[in-house]
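Read through the structures below before going on.
Here come two complexes built around subunit A, the first alongside subunit B, the second alongside subunit C.
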Partner chain A sequence: MSHWGMQRAALRERLAAGQRHAKGKIVPIPALPAFLKAVIRSGDRVCLEGDNQKQADILASALAALDPREVHDLHMVQSGVVLSAHLDVFDKGIARRLDFSYSGPQSARIARMLFGRKIELGAVHTYLELFARYFIDLTPHVALIAAVSADKDGNLYTGPNTEDTPTVVEATSYKNGLVVAQVTEIVAKLPRVDIPGDLVHFVVEAGKPFYVEPLFTRDPAAITETQILTAMLAIKGIYAPYGVRRLNHGIGFNTAAIELLLPTYGERLGLKGKVCTHFALNPHPTLIPAIESGWVEQIHCFGSEVGMEDYVAARSDIFFTGPDGSLRSNRAFCQTAGLYACDMFIGATLQIDLEGHSSTVTTNRIAGFGGAPNMGSDPRGRRHPSEPWLKAGAEAAPDANAALRRGRKLVVQIGETFGDNNVPLFVEQLDALALARELNLDLAPVMVYADDVTHIVTEEGIANLLLCRNTDEREQAIRGVAGYTDIGRARDPKMVERLRERGVIRRPEDLGIDPLDADRRLLAARSIKDLMLTSGGLYRPPSRFRNW
Partner chain B sequence: MTTAQSNAASLSWYEASARQRVEALLDRGSFCEFIGPEQREASPHLSIFDLPEQFDDGIVIGRGRLEGSSVLIAAQEGRFMGGAFGEVHGAKLTGLLRAARMLKEDVLVLFDTGGVRLQEANAGELAIAEIMRAVIEARRAGIKVVGLIGGRAGCYGGGSLIAGTCSRLIISEQGRISVSGPEVIETNKGVEEFDSRDRALVWRTMGGKHRYLIGGADTFVDDEALAFRQAAINTLEMNGRYDLPLLTAEQQRLERRLTRFSPAADAIDVWQTLGIEAPTEIPGLPTKEFMRRAADKRENADDAR
Partner chain C sequence: MEKLSFKLDAPTSAGGSRKQAIVGVVASGNLEVLLERASPPDLCTIDIATAAHGFGAVWEAVVRDFVARRSAGGLRISINDGGARPDTVALRLAQGVRMIEEPEA
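Let's look at the complex of A and B:
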């Protein structure tokens, strides 16, 4: 290469073009359209900060309002596709290619647009995987990020929802990319500095907070008795025997039920201090009773949760907080923590096939992946031992030399045999396969691969797949907990009975659990208000969850 | 650190089933059911729609004792079709109210209903009219008909009309009374008029605290079966007068209320007009403090009862 420093020169050009619309680092809102047009070039890789929770919503609308004749063929690289503006940029022809992780609220529209060839799909990533690619081959030219406040030098305070921001800024700014932040307000002195100002080139004062989705709030009032039964099975049949102390809980009512049973059912089983002491977890409101009754020692968070700010700040013995007192979350670090330092992942899914692959993709929805595929995978790079990890490893390969045997992470899928609208959880073939065929994808979007899953819990019992010795056993173990679904009814009853004798399948009665004991009165909190009261009024639930 | 409590000891009215409520409300072991599920008087209409039936059609009726006195009781099961009124469901309540008049016994109605069952709407609407007539006739005969509201389905549609004819209403914070439900208002008038997903808005507009403050309910209790029981005992001790001067007084009160609160755009404005101290704090207040602030300020229908 004859000319070095070309990237830096390109950045200087962008900075100069942007400066014409800014005063110092501050871009006034009315100048935002002209500013974005000046700093973004057709064909750029753009990270428009859409995280699991917080959204750079003002910047997203401004980007979607650009003229596609002037700016086009953008390659969007962002973990969350959450706002309609995130897809409007494709509808209008401003962007063409997309690499992402999660698309929860836009799952139906993104599916329609993929089928309509409006979006050229790179891949659906896990979070860590997309973050990793930011540093290798998907480094953004421009990052449009969100923070709570900035000072005039561009130092940023992200508040409790730091989430992806440090990762995005690190990859962009240190590789000659341009970083633009939207903030609620510009202040003289920040509560704390989350992102140093010399990495941030421009700041837009939005005058209102960025949009945050309360993704992790589950109303205890909506927990069913079947979900309570699955929670009792998980606690007595998995948490207790393996002694799971370090773990991650997925989002869902089954895991919310587990959290609410710890101070009641778990206490009765004498498990306090023996399980669930360390979490990689968002601040789930349903964990408040367990925290208040002294079950939990430490929690590191991917992001925050709406309404939990004051509670978290008042519980700095448990959570990671900054010198200003508020939560410091970090998705990349927490995902790494969940992958390497947790012994168990437990979460729900929409479909499980006969091998044990699971997916949340259905034919008309592409929700992408949340944290589950990282949390719910066995890390081959792990070397430190722990009791649950070694025990699971021993169950999988009892005859191997113990000193050379890998342990196994416990990866538990929990759910009712029939889910929402009586849709069966168990299927002959995942919808993800049909989708992959139709869109010509090399890979079907599988959330948790069969060889990572160790247990499946339903109201009918627990299937321990670690103890299965061949594919036949595995299939029958899955059928054996599939209840009255077509998959469950097609079981080989004799083989299922043999698996039960070996402890591969365990029914509630095998564990000494009476399904009639699965009563809502067992929940440590039965409403959002109970959670608020247990928190001593520190938890301030958003309006939509209140019934008072 | 405090120890989180198991809720095993208390029975939440909001959470309880119709049968659990009846059992917790009456003297232990005193309940005797009329037309129980063993008689399988289920809806004749639901099977046409391929919908599941319930052997008691979602309402439990019978007789029992409350602090030793004999009372008639009806409890709707909000978890079966939202406690909605169908033909059999309605007929059971009508019959109970007519019996009350003959037996000279007071009636407790444990509302938990979304209103009329759409699959048998004509029969349901007729039932509402018959029940209201039966309530009025019973009251004219000196019988007290007391409504208890605090179930998950609230007290909506025709149920709220019946509640309006009752001698007295006992409500918890979770209880809701309104003719049109949140979704109905939103569907007809738009989300700008009423956002049905904004639950705080729903509760401050239709919930127990608001109804108590504007005299839409007479007694405010905690969400506990024992609190409902004690309130029912106290209420039945009051007199059951029902005559023209009383109705005239009630009519005047409602007209006054309409004028007084009509400029209000939100329940908080209503509470402000009432002169409640720090009205925005009302939804978050525990019962004792709420009652303190409500005392002397709330509207009530006592003149009319």
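Let's look at the complex of A and C:
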């Protein structure tokens, strides 16, 4: 390299170009289109902040409104493809290449655009992987981020939904990239400083809060008796025997049912203080009854949840909060905590095959991964022991030298044998394979690989895959809890019975679970209103969940 | 409406002394199960009226497993089904035999 300091010089040029449209660090809204055109170069790697929760929506719309003749070939590196503007930039030819992690609400459109070659796909990542690549080979030239408020020096308050912001800013700003923040308002003094102003180059006052999706709210009124039965199986058949204290719950009604059974069924089993004391988890409203009855000691959060702000602030003994009193979330740290400091992940999925691979990809939908594969995987770099980790390791390799034997993280897939619209959970072949063929992908998008899954729980029972000694046993253990799906009905009944005798399969009757307990009266809260009342009015449900 | 009937050998007879029990409701995706002590102790008869057609094989699999796994001998069971999923049917049947074991409420 003949001249050092070229990146810094390029940043100075961008700063000077942007400065022509700003007053100090403040960019007035009417100047935003001209400003973005001035600071973004064709071919830039751009991180448009957004994940499964918060969105830099004003900056996304402004980016999508650029003229593709002036700015084109952008390489978008972002957690979430969630807003229509995130895909409009590809439709219009402003962006060309995409590396991302999650695409929930845009899963159908993103698939169409990939089929139509409108998007050149880098890869679909887990959150933690994408964050890691921000520091190696996908470092953004420009980051467009979201915060609650800023001062005139560019210090930012991100509030309860801090989420990805510190990671994005760290990778961009310390590598000579440009950071632009949208904020609801500019204030004289911030409640707390989440991002120091010298890392933030420009601020846009949006005049309204960034968009946040209440993704982790599950209405207890929609929990079925089959889900309650499945939740009882998980509590009595997995949480109790392994003594799982540190864990992560996925989103979905099955884990919501578990949360709502802790103060009732869990209490009856004498498990308080013995399971579910520490979580890597968003502030799930369905966890309120367990928190209020003293089950939970500590929770670290990826993000916040709409309506939970006041409740969390009032429970700083449980949650991480700032000097202003409100939640401090951090997705990168919480994902790391979920990977290395938790003994169990339990979550739902859409398809499980006969080896135990699972995927949420179904025909023509690419929902991405988010954090689940990171939570739902056995961390090979883990070295600290714990009772559940050692027990699972011993079950997998009973004859190995205990002092040299790795433990195992419990990775539990839970669901009813038939999902929405009677679609079976168990399949001969994952739809992900067909998708990979059609899109010419090197890898089928698998959410949790078979060799990471330790248990599958359905209403028919628990399959403990750690105890399976060969692929035949594994297949029959899966078929043995697959209920009346085609996969379940094609089981070898004799082999399934032998697996049951060995405890590889355990049914409700084997665990002494009374089917009469599978009753909605066992839920500690049966509606959103119950959750609000249990919180002493601190939980303020979003209007779409209020039906009273 | 499709009607199905099964007469199955039952390895274990139902516990308790209650004459009859009823669980569930007739609703979409749900079912009502009436259990009566009206069969020989080693037999279970099951009559089904279902809104969903063409699922005879699944019904047979569900009721056979039920009789093999639970104490259903001596029962005559009548099912009024509103198109419930097999897992819901299995749960209701399991709840039914538990209910008839319980003392009269």
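Criterion: the second predicted complex is superposed on the first by the 548 of 548 C-alpha atoms of A that agree within 3 Å, B and C clash if a C-alpha of one lies under 4 Å from a C-alpha of the other, contacts with A are read in each partner's own complex, and residues count from 1 in each chain.
The rule is simple: a residue touches a chain if its C-beta (ideal position, glycine included) is under 8 Å from a C-beta of that chain, and two chains touch if they have at least 3 such contacts.
Keep in mind that what you see is a predicted model, and the values were worked out from it rather than measured.
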| item | value |
| --- | --- |
| Contacts of A:N547 with subunit B and subunit C, given as first, second, both or neither | first |
| Which superposed partner A:E292 touches (first subunit B, second subunit C, both, neither) | first |
| First, second, both or neither for A:D57, with subunit B first and subunit C second | neither |
| Contacts of A:E460 with subunit B and subunit C, given as first, second, both or neither | second |
| Partner chain(s) touched by A:L523 [first = subunit B, second = subunit C, both, neither] | first |
| First, second, both or neither for A:E305, with subunit B first and subunit C second | neither |
| Sites on subunit C touched by subunit A in the complex | 58, 61-62, 69-70, 85-88, 90-91, 94-95, 98-99, 102 |
| Subunit A residues within the subunit C interface of the complex | 224-226, 229, 416-418, 422, 458-460, 483-484, 489, 507-509, 514-516, 518 |
| Complex interface listing, subunit A residues touching subunit B | 221, 263-264, 289-290, 292-294, 520-527, 530, 534, 537, 543-548 |
| Of all residues in subunit B, those that touch subunit A in their complex | 1-8, 12, 14-15, 152, 173-174, 197-203, 207, 209, 283-284 |
